Amino acid sequence: MIKVGIIGATGYAGQEIVRILSNHPEAEVVWFGSRSYVDKKFSECFGNMYNIADDICKGEDMEALANSVDVIFTATPQGLCSKLVSEEILSKVKIVDLSADFRIKDVNRYEEWYQIKHESPDFIEEAVYGLCEVNREKVKNARLIANPGCFPTCSILSIYPLAKAGLIDMKSVIVDAKSGTSGAGRGAKVNNLFCEVNESIKAYGVTTHRHTPEIEDQLSYASGEEAVINFTPHLVPMNRGILATSYANLTKDISEEEIRALYEDCYKDEFFVRVLPAGVCPETRWVEGSNFVDVNVKKDARTGRVIMMGAIDNLVKGAAGQAVQNMNIMFGLEENMGLKITPMFP
Amino acid sequence: MIKVGIIGATGYAGQEIVRILSNHPEAEVVWFGSRSYVDKKFSECFGNMYNIADDICKGEDMEALANSVDVIFTATPQGLCSKLVSEEILSKVKIVDLSADFRIKDVNRYEEWYQIKHESPDFIEEAVYGLCEVNREKVKNARLIANPGCFPTCSILSIYPLAKAGLIDMKSVIVDAKSGTSGAGRGAKVNNLFCEVNESIKAYGVTTHRHTPEIEDQLSYASGEEAVINFTPHLVPMNRGILATSYANLTKDISEEEIRALYEDCYKDEFFVRVLPAGVCPETRWVEGSNFVDVNVKKDARTGRVIMMGAIDNLVKGAAGQAVQNMNIMFGLEENMGLKITPMFP
Amino acid sequence: MIKVGIIGATGYAGQEIVRILSNHPEAEVVWFGSRSYVDKKFSECFGNMYNIADDICKGEDMEALANSVDVIFTATPQGLCSKLVSEEILSKVKIVDLSADFRIKDVNRYEEWYQIKHESPDFIEEAVYGLCEVNREKVKNARLIANPGCFPTCSILSIYPLAKAGLIDMKSVIVDAKSGTSGAGRGAKVNNLFCEVNESIKAYGVTTHRHTPEIEDQLSYASGEEAVINFTPHLVPMNRGILATSYANLTKDISEEEIRALYEDCYKDEFFVRVLPAGVCPETRWVEGSNFVDVNVKKDARTGRVIMMGAIDNLVKGAAGQAVQNMNIMFGLEENMGLKITPMFP
Amino acid sequence: MIKVGIIGATGYAGQEIVRILSNHPEAEVVWFGSRSYVDKKFSECFGNMYNIADDICKGEDMEALANSVDVIFTATPQGLCSKLVSEEILSKVKIVDLSADFRIKDVNRYEEWYQIKHESPDFIEEAVYGLCEVNREKVKNARLIANPGCFPTCSILSIYPLAKAGLIDMKSVIVDAKSGTSGAGRGAKVNNLFCEVNESIKAYGVTTHRHTPEIEDQLSYASGEEAVINFTPHLVPMNRGILATSYANLTKDISEEEIRALYEDCYKDEFFVRVLPAGVCPETRWVEGSNFVDVNVKKDARTGRVIMMGAIDNLVKGAAGQAVQNMNIMFGLEENMGLKITPMFP
């Protein structure tokens, strides 16, 4: 039985790890870390966990934590994981970092977009970007996983096959993304109150959102060209879900059937990527609660563009589920163990 | 492996049975019955089921169905199950009827409230009212289960301990219930359009809702007195969930602690009933997607009344989950097999 | 032109006063008071007000305020208005207090339910409870209005005709109310975040909600008997609207037609009270944005009870609209001036 | 007093015309046309209209209608207005057509995108595209107005200043739009049920949506170049509101300040267009219920693109409000008469 510790267990992503692992046959959460709710029962913070996870939340004691568990998930704000990681810690436990600290290989680029000084740049090289469908082999032997961001997961996987095949202009890519509100976290902010979010939609972080360099880096690796993109996230009045609608100029005359065949081939062995039938657009409701990524493409002959669409549950494939997927790979378990969750509708 | 057939698989309750059984180790759906979508893939009706349940929907052929499966779930409008049930069918398969056809023992009372002629009154006596927490022993040997209604399940279980103990006036009970919109079904009706339901709440079926006699019957059995109640359902702009807030006059001076102790004792062996800590009110979000019933009580010394509260997921404990719970009991499986679902939040 | 000052202009109720008065021909807001947003433009706090109310928010300077305006609306937490009211202030301006400070005539009862010491009990006697449909004559000459609470407005007006006629047992009244989330205010609290409220319903303040004595007092005045009631509010995932479903035992055998005739007669001259056609239940969507109260009743011969239903927009008839209605009466204007707002749907 | 007839009064757009005109000092609805609800009271279809518009709905009798009113609004599906328009009708009344029949000047293009045969191509030339901010002078003398579509209104007005100034590549424009569900109409369709729309977002009509040629035509007129664009609408779980996020390549090096100055200058005399302060993104909640268009732009120096954003209420500026604005202009009234509606929040 893999012993799991979570730092930041009382945020939405942390709680989602608890939910997923509550049905995982080979792992159990033994450390519920929380800065805000120390000494409270976890189920007092999340009533769904009553009778399921009534453990007491613990504060920060890295040494005790590292000695108690096999793997640590850090579901915390940027900057925290880079502060606590060390050779000593990594010699004892594996870490899956759900923050952005180790996602960007160029530390200057990280510091510029995040406006934070990186506290442990020495570990950036070692860290593996845990987008399993792309980096599976590297994940197997990793000690430190940079779990991908929610928007990047959805954006990259829906663009990846065309980028890799060199069929789109990597300077023409525009990602227009839409997210449910759980992505904004559980902090008490006026902007995230029910009455402020409900019955409205808005763009935010236009041209400046910090997931931009992450998407660009991965698309650059995939295509072998420098990708420079526009990424615009929007806030949608729903709890969960991300939809990414991406546009790019085709660099070669290729039919929609050929493009779809490319996707089907690229993902034919992937349990979690569902290439939808021709003409069917991804919808976030169809992946809710699950680790699936639904993707599809549409070619527009009039404009010479391709529209690439993807849908995920931001808390699962965009955070907790992918973290567990990484854990499964790192510990040699079946990749989808505990993750064969049928999406819940309605 | 138990072979399962569903009549009405393409309604919300039917689909929920498919979702639940997709993670059940001892049962599998082999017959997806649907009047509206014959010859279509199930996953075309419910995109969440893509790659999970791509079976073709079948029309009505009771003989073929009865020969193919071990148990039939009828997730259909009132009147259908009573038409198809027969000694021959029941000699081959067990039936869990999610409609109201066999819930009311007095056929006149059924016909009066439902305004339908009952097509097979001979089977009413045999049918077992499948509220497992109350009728577990009878369920074990049943061939025909009347799966309880969503509102009754929530109302009865939140009132049951006090009714059984004879501590409330059974003529004073008022159940004010609130339901998510999936309870209204997947039929194309103007009243259930997004823009009609969203941002509003209303009562409906005031004094005439057909779940009234079902609640009254069960509370009468529990208390040994004739219960005559007011039941008022309300439509809430959310997908899932029922909250029942019930009021009754106490017939004896008893403290809130004593009442809560009564509940805890009554449900101490019940996996699916969670008696919440003192002062904590049930909320539908904490049971979403699960088979739990969260209950609690509050005494009002000023008025001499007790307020009894319960929350369920109407599609799970209020329909599909309870149906599977009944199946598990009937087939001698662990009662919570496939049903240890952690509620999903947010 | 009546000059209006608002203390607490940047809460939801305060902002709603601004919205309503922006179309009022005889009044204009000249003082936007706000503790949290001093020196900010009002339209920075509420983007809908851009180009409409770009005034700068002001802090607390009661003397300057009293010298600048004809009427002050206090849309503030309990305890603030009772601190600032004085003979000097009232000699200069009229006050409409949207808090509860002057609603309860018995100061001990106020202090017990609100757990606050009342700072100016001498003015309680003078204050007029501004439920215009009941106290219109007293409002005309008032200097200090206790603007009714949102739940009490809806509850009282839907029960009033039967209470006044002495046809219901005033100890049997149960009010089960449901409110949109704007009633919880604009404070940054985890419990009011989108993801916490959305897709859920819960009761709160069960047996202890502070609107209980206010409803009891007014129903006692109406009936001439002591009313002791149960009042249970619920939080609904919608922005606006209150629905009250109330139950009481009839003390006389009277038909539904007679009861409805009583309501129609009682409210025949009331612009804002709409007694709906027989059999039509109030729905909050039909009053959204307006000052209307939709009411109807249903008799249950089986139980001997009457179900009384009412719907309002909590921010309009339950707060800002009723405050403006009171202002209109106090200043001798047409009572519905600026308030002939057609409800907005969907 | 202008007498108004509405064909299609019982759809969402038709009802919104009734709502707006209920507060218009110079116009009144005297003919409530409805195919589905003939002989029913209008307020039976829309409970908000109780005591406000209790008129009986009438069927199709063009002659009687044309003799009864000064202006007809056709809030009907495509193809109906082109069937009924004639020289005789237009000699008696003005027509504001809310459908697409007269929006596209090239009849072949119309028939190709809409897959409908146009029934009165002779009137296409005369019809004025009623985007008041662009075509005000032509509207003044028009007999037949093609009221713009909801997506086109929002898209065009947020791109117009840059298109007109020749600063963007008209072949690079991508419009990613998001709409509330009232845009889908009041028809009873499974896809528009509450549980199907709630908690989800999807794209639809990708590369084929019929508002594409309308946007292209108007942007071509504005820029003097042929615009060929991608337009992708998305369905958002909210009642009202459209947000358009548009992308284009800048053809000249120009600063964000200069671009914003261009917008401010272009719209400086426009009551209904609000150019937001620098850095503030439009949000649909800030225009709800009003005829405003909130716009803003953001330049991305990294990619050489400009992001143009606009928000409207699809039922007001996107339909009924703009129709009334056109009526006001045609009848020589103040353009914003009855339309000075402060947006309602929350």
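A, B, C and D label the chains in the order they appear, each numbered from 1.
Criterion: contacts are C-beta pairs under 8 Å (C-beta built on N, C-alpha and C of every residue); 3 or more make two chains touch, one makes a residue touch a chain.
Note that the structure is predicted; figures quoted are calculated from it, not measured.
Asks: Check B-D against A-B and say which one is joined by more contacting C-beta pairs.
Replies: Counting C-beta pairs in contact, A-B comes out ahead.
Asks: Need the most distant chain from subunit C, centre defined as the mean of C-alpha atoms.
Replies: Ranked by distance of C-alpha centres from subunit C, the top chain is A.
Asks: In whole angstrom, how far does the Cα centroid of subunit B sit from the Cα centroid of subunit C?
Replies: Computed value for the inter-centroid distance: 38 Å.
Asks: Rounded to a whole Å, what is the gap between the Cα centroids of subunit B and subunit D?
Replies: Their C-alpha centroids are separated by 46 Å.
Asks: Could you tell me the distance, in whole angstrom, between the mean C-alpha positions of subunit A and subunit B?
Replies: 37
Asks: Hey, what residues on subunit B touch two or more of the other chains?
Replies: Each of 12, 182, 195-196, 198-199, 237-240, 283, 285-286, 288, 346 in subunit B touches at least two other chains.
Asks: Quick one: in the complex, what on subunit B touches subunit D?
Replies: Going through subunit B, the ones touching subunit D are 12, 181-182, 186-190, 192-199, 237-239.
Asks: For a test of understanding, state which residues of subunit D touch subunit C in their complex under the given definition.
Replies: 12, 15, 19, 22-23, 46-52, 182, 199, 239-240, 274, 276, 280, 283, 285-290, 294, 340-346
Asks: Considering the complex alone, what residue numbers of subunit D touch subunit A?
Replies: 171, 174, 176, 178, 180, 195-196, 198-204, 206-207, 228-230, 232, 234, 236-241, 243, 245, 247, 281-286, 288, 298-300, 302-303, 305, 307, 309, 311, 346
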